[in-house]
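Both of the next two complexes hold chain A, though its partner changes from chain B to chain C.
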Partner chain A sequence: MFRLRPEGDPATIAVVVEGRTTLVPAGASAAAAVLLAGFRSIRETPVQGSERAPYCMMGVCFDCLAEIDGVPNRQSCMIEARPGMQIRRQIRARKVDPAA
Partner chain B sequence: MTRYDAIVMGGGLVGSAIAYGLAREGLRTVLLDEGDTAYRASRGNFGLVWVQSKGDGAPHYQRWTRRSADEWPALAAELLASTDISVGHERPGGVHLCLDETEFEERRARMARMQAEAGNFGFDYRMLDRRELADMLPGLGPSVIGASWTPYDGHTNSLNLLHALHKGFVEKGGRYIPNTTVGNAEVAPGDFRIPTADGEIGAAKIVLAAGLGNASLAGLFGLNAPVRPQRGQILVTERAQRVLPMPMTTIRQTIEGGIMLGDSQEDVGFNTSQKPEVMKTIARRAVLSFPWLRELQIVRAWAALRVMRPTACRSTTSRSASREPSPPTATAASRSPARMPTSSLR
Partner chain C sequence: MTVELAIVGAGPAGMAAAVLAAELGLETGLIDEQASPGGQIYRGIERSQPNSPLGPDYHAGRPLAAALRESRVEYRPGTTLWHVDPEGALYLESGGRTEMLTARRILLATGAFERPVPIPGWKLPGIMGAGAAQILLKTGDLVPEGRVVLAGQGPLLYLFAAQLARAGAPPVALFETTPPENYLGAARLGGGLWSGRRMLLKGLRLMLAVKRARIPIRRAVRGLRALGGRNFERIAWEGGELAADHLFLHEGVIPNVQVSLALQLRHEWDEGQLCWRPALDPWGQTSLANIFIVGDGGGIAGAEAAALSGRLAALAAAAQLDHIGEAERDRRAVPIRAALDRELALRPFLDRLYRPAQSVLVPAEDEVIACRCEEVTVGRIRQAARLGAQGPNQLKSFTRCGMGPCQGRICGPIVSAVMAETLGKPIAEIGTYRPRAPFKPITVGALADLGADIADRHSEAQSPPATPDL
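Up next is the complex of A and B:
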């Protein structure tokens, strides 16, 4: 659905979205990587479990929540893609471990 | 002039609940509301339907609060049936955490006093030690030494409640007039008249439920309601799986999973700005209570103004003595015929 603009910076940063290695330009957000990797959604909402994809891309809507490098519920549009970054689906509400 | 049976001034939780009840009882009712710039306690509400600390030294207020909480399940069911909006009400009982011996002993004395004041009405409570409490609340921090518990306490989604009351009021034939600030009125026995942008309205009965606005409104009707603002700040975490089985005075997990952390009591006048020092104190106390909260991100924070009675002692710094909101309405001409739970949200 999304492609890089031809006049933009080349895609040189390799991140992993749900196991799919994807190259993005330097400075791109993790949310951009999700879209570029071709996923139609990146999270399931906590209560209804319906699918959501990055939407506002500016830190407002919270629909781009993803697990990034093991940390749940990150706003992926506000996080810059780094080499080797692991981006995974946020499935419903995050877990907590009161016993930890 | 358009005549009604009743005019309700103030479209927050109290005013819309009264207006909803009047419309339900078949009265022609008009609800006057301000706009988005109003000091709206209803939009900053913590969402507790709290009983256990209400009415210390005022047995009538204790009874009123408990009866209100008793009527909540029926109200929630009625609103769901008539508006299709779930207000997310739960009443699993609630606890007030104590972080040191002094807090615990003060709390013990307060609960005993309230039980004595309840008389034949009864007041079911227990002081729980750390071990009992740790069985009820997962991941309890080592700083918590005990708590008071009652079966009466609960919580709700106060924004959904406000939405449901407004929707229900209009569906029952009520007329809602927003963006209205009342600056003058004509008052005669059984005949109140208010100028609005939509023309003059009149009614035999009027209800003042304008929160902090009552202080200036009351004078128009020969009443005195010198309510004062008290600022409270709240933090909310990201949504997480539900682990807290019941609400606490300053920590509760919503049905959707977010954890709300409150609350401050600040005498700063009409100032709704936030203060990092206060936010830090709220967060620190929450993490002492439940260390695992440290892992959660704060996603929202705000400040709002409570409506307080003027006589609450401010200087003795008794946390408990200064935190009881005043009964929020003043009625002229008659008591409201509607029996609605309006008093115990905060």
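Up next is the complex of A and C:
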């Protein structure tokens, strides 16, 4: 539900959102990459499992939590997209991996 | 590592303070969570193109960022402050590593964020702050697709409407929530209109730009509700309903006082701006002598005022640490204060004109979510208050409100206002949350990293080495 402004910087950074390769411009956040990949929501809350999208985009509300490069519960609005970055939506509370 | 002055936040206030402090000879460190300087108002400024739809006020941030890059400031992007102790130790995290930085003076320039707008349905995907959507435009040239509705009030709402129009994505409607009595109240103030004429003119030009873009404006809108299933689908108000894909809300900005509250600095309730703000002297000094607060984190005054307040605090810190004399400090402060007075002249008028309606501060509907993290409703806050919860901190143990990942940043203002209304007390008496470290989540691995750091410090200072005690 977001698109790139055609006159803007070209999308040259390839990230992977839920397995889909998505191109974003340099300087875009991981949260922006999720929105550009076509997802309306980025997480499901731990309490009721309700879907949420980034709300403040400035590191305050924590509604943009995502798993970035294997680390859950990251504030995706404050992290710049990097080539090859793996981004997954945060579904409910983080899982503790007993093998780790 | 030790510096003379540690500054937290690289927005206009932090950048201006850092550059001047370094010029005056202070060993200055500037910590910022983002990957590049600018804060929120100038976010992504170094990549901005002159023809961008963001306009000249945004580009005004370029020289500040350039001056920072040319300065001797030790600038640390991508660094999060997660704890600070009042004696002057800052605990930082960057790339999974933790570090302690000690500073003789600390300057907090943590800025502002958009006031939460708790209307029914505000948690639905498709809804975000107008400033949040603007950040998507600033940082990645993202524009919303489909039907966009802007709702709320304040200069940023008009600015963003004009920017969206220039970006080829004009909103289908702008719903202004300003109560009609605000116009009268603001007109009565009148006083700052002449000295603030430059800013007033800018505002009028913005409104004209919105009109020229033929964006339909509906004024004095009441009873906003966001409707939808999984996602936002429709906006309703007293008298109508409209299908839309995006809803961008804005009711002004409030100081980000998370760190200053955690430090237990003296704060006061600002009835004019309807927010908590730290008590500051004319140099930005807080109730703790070694800590300063500059920019919108000390009260909302805008980007240009933020840079000026940053410079005043830099002068004060330089004088306290004997880099300049008090006479030089005062002499250099004169033109800065004159410019600051001009910036502040229109503020009481704007605060009165765009004062949020009581129904925005305290939702009438019990089912509205107040705490987005723990999904606690306004009704449950009212109920807990009636059951005897005396204030926001006790409310936590009644409801878990404020105990999710945002640590009460978003629900704090709502909780204080709802409890004040329910208990029939002034907000100043109700108080607000007492936040605690870590200000941002850090991994146990990062914490353990700090343990090693502390152990090293102990082994230098004493023998045998002490066990790290966390």
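One rule holds for everything that comes next: the second predicted complex is superposed on the first by the 96 of 100 C-alpha atoms of A that agree within 3 Å, B and C clash if a C-alpha of one lies under 4 Å from a C-alpha of the other, contacts with A are read in each partner's own complex, and residues count from 1 in each chain.
What we mean here is this: a residue touches a chain if its C-beta (ideal position, glycine included) is under 8 Å from a C-beta of that chain, and two chains touch if they have at least 3 such contacts.
Computed from a predicted model, the values in this text were never measured in an experiment.
Trainee: Identify the partner contact of A:93: answer first if only chain B is touched, second if only chain C is, both if each is, neither if none is.
Mentor: After superposition on chain A, A:93 lies in contact with chain B alone.
Trainee: Of chain B and chain C, which one touches more residues of chain A?
Mentor: C
Trainee: Which partner does A:73 contact after superposing on A: first (chain B), second (chain C), both, neither?
Mentor: A:73: touches chain B and chain C.
Trainee: Considering only the touch criterion stated at the top, classify A:54 as touching first (chain B), second (chain C), both, or neither.
Mentor: second
Trainee: Does the superposition put A:62 against chain B (first), chain C (second), both, or neither?
Mentor: It touches chain B and chain C both.
Trainee: State whether A:27 touches chain B only (first), chain C only (second), both chains, or neither.
Mentor: In the superposition, A:27 touches chain C alone.
Trainee: Hey, what residues of chain A end up touching chain B and chain C alike?
Mentor: Looking at chain A, the two contact sets intersect at 47, 62, 73.
Trainee: Which part of chain C faces chain A closely enough to touch in the complex?
Mentor: 33-36, 40, 43-44, 47, 49, 51-53, 113-114, 123, 125-129, 131-133, 135-137, 139-146, 167-168, 230-231, 245-246, 256, 372-375, 404-406, 409-410, 440-441, 443
Trainee: Quick check on the complex: what are the chain A residues that touch chain C?
Mentor: Where chain A meets chain C, its residues are 1-9, 24-29, 32, 35-36, 40-41, 45, 47-48, 50-63, 65, 71, 73, 75, 77-78, 80.
Trainee: Along chain A, where are the residues that touch chain B in the complex?
Mentor: Residue list for chain A touching chain B: 46-47, 62, 73, 92-100.
Trainee: Where on chain B does chain A make contact in their complex?
Mentor: 138-139, 238-243, 255-257, 290, 292, 295-297, 299
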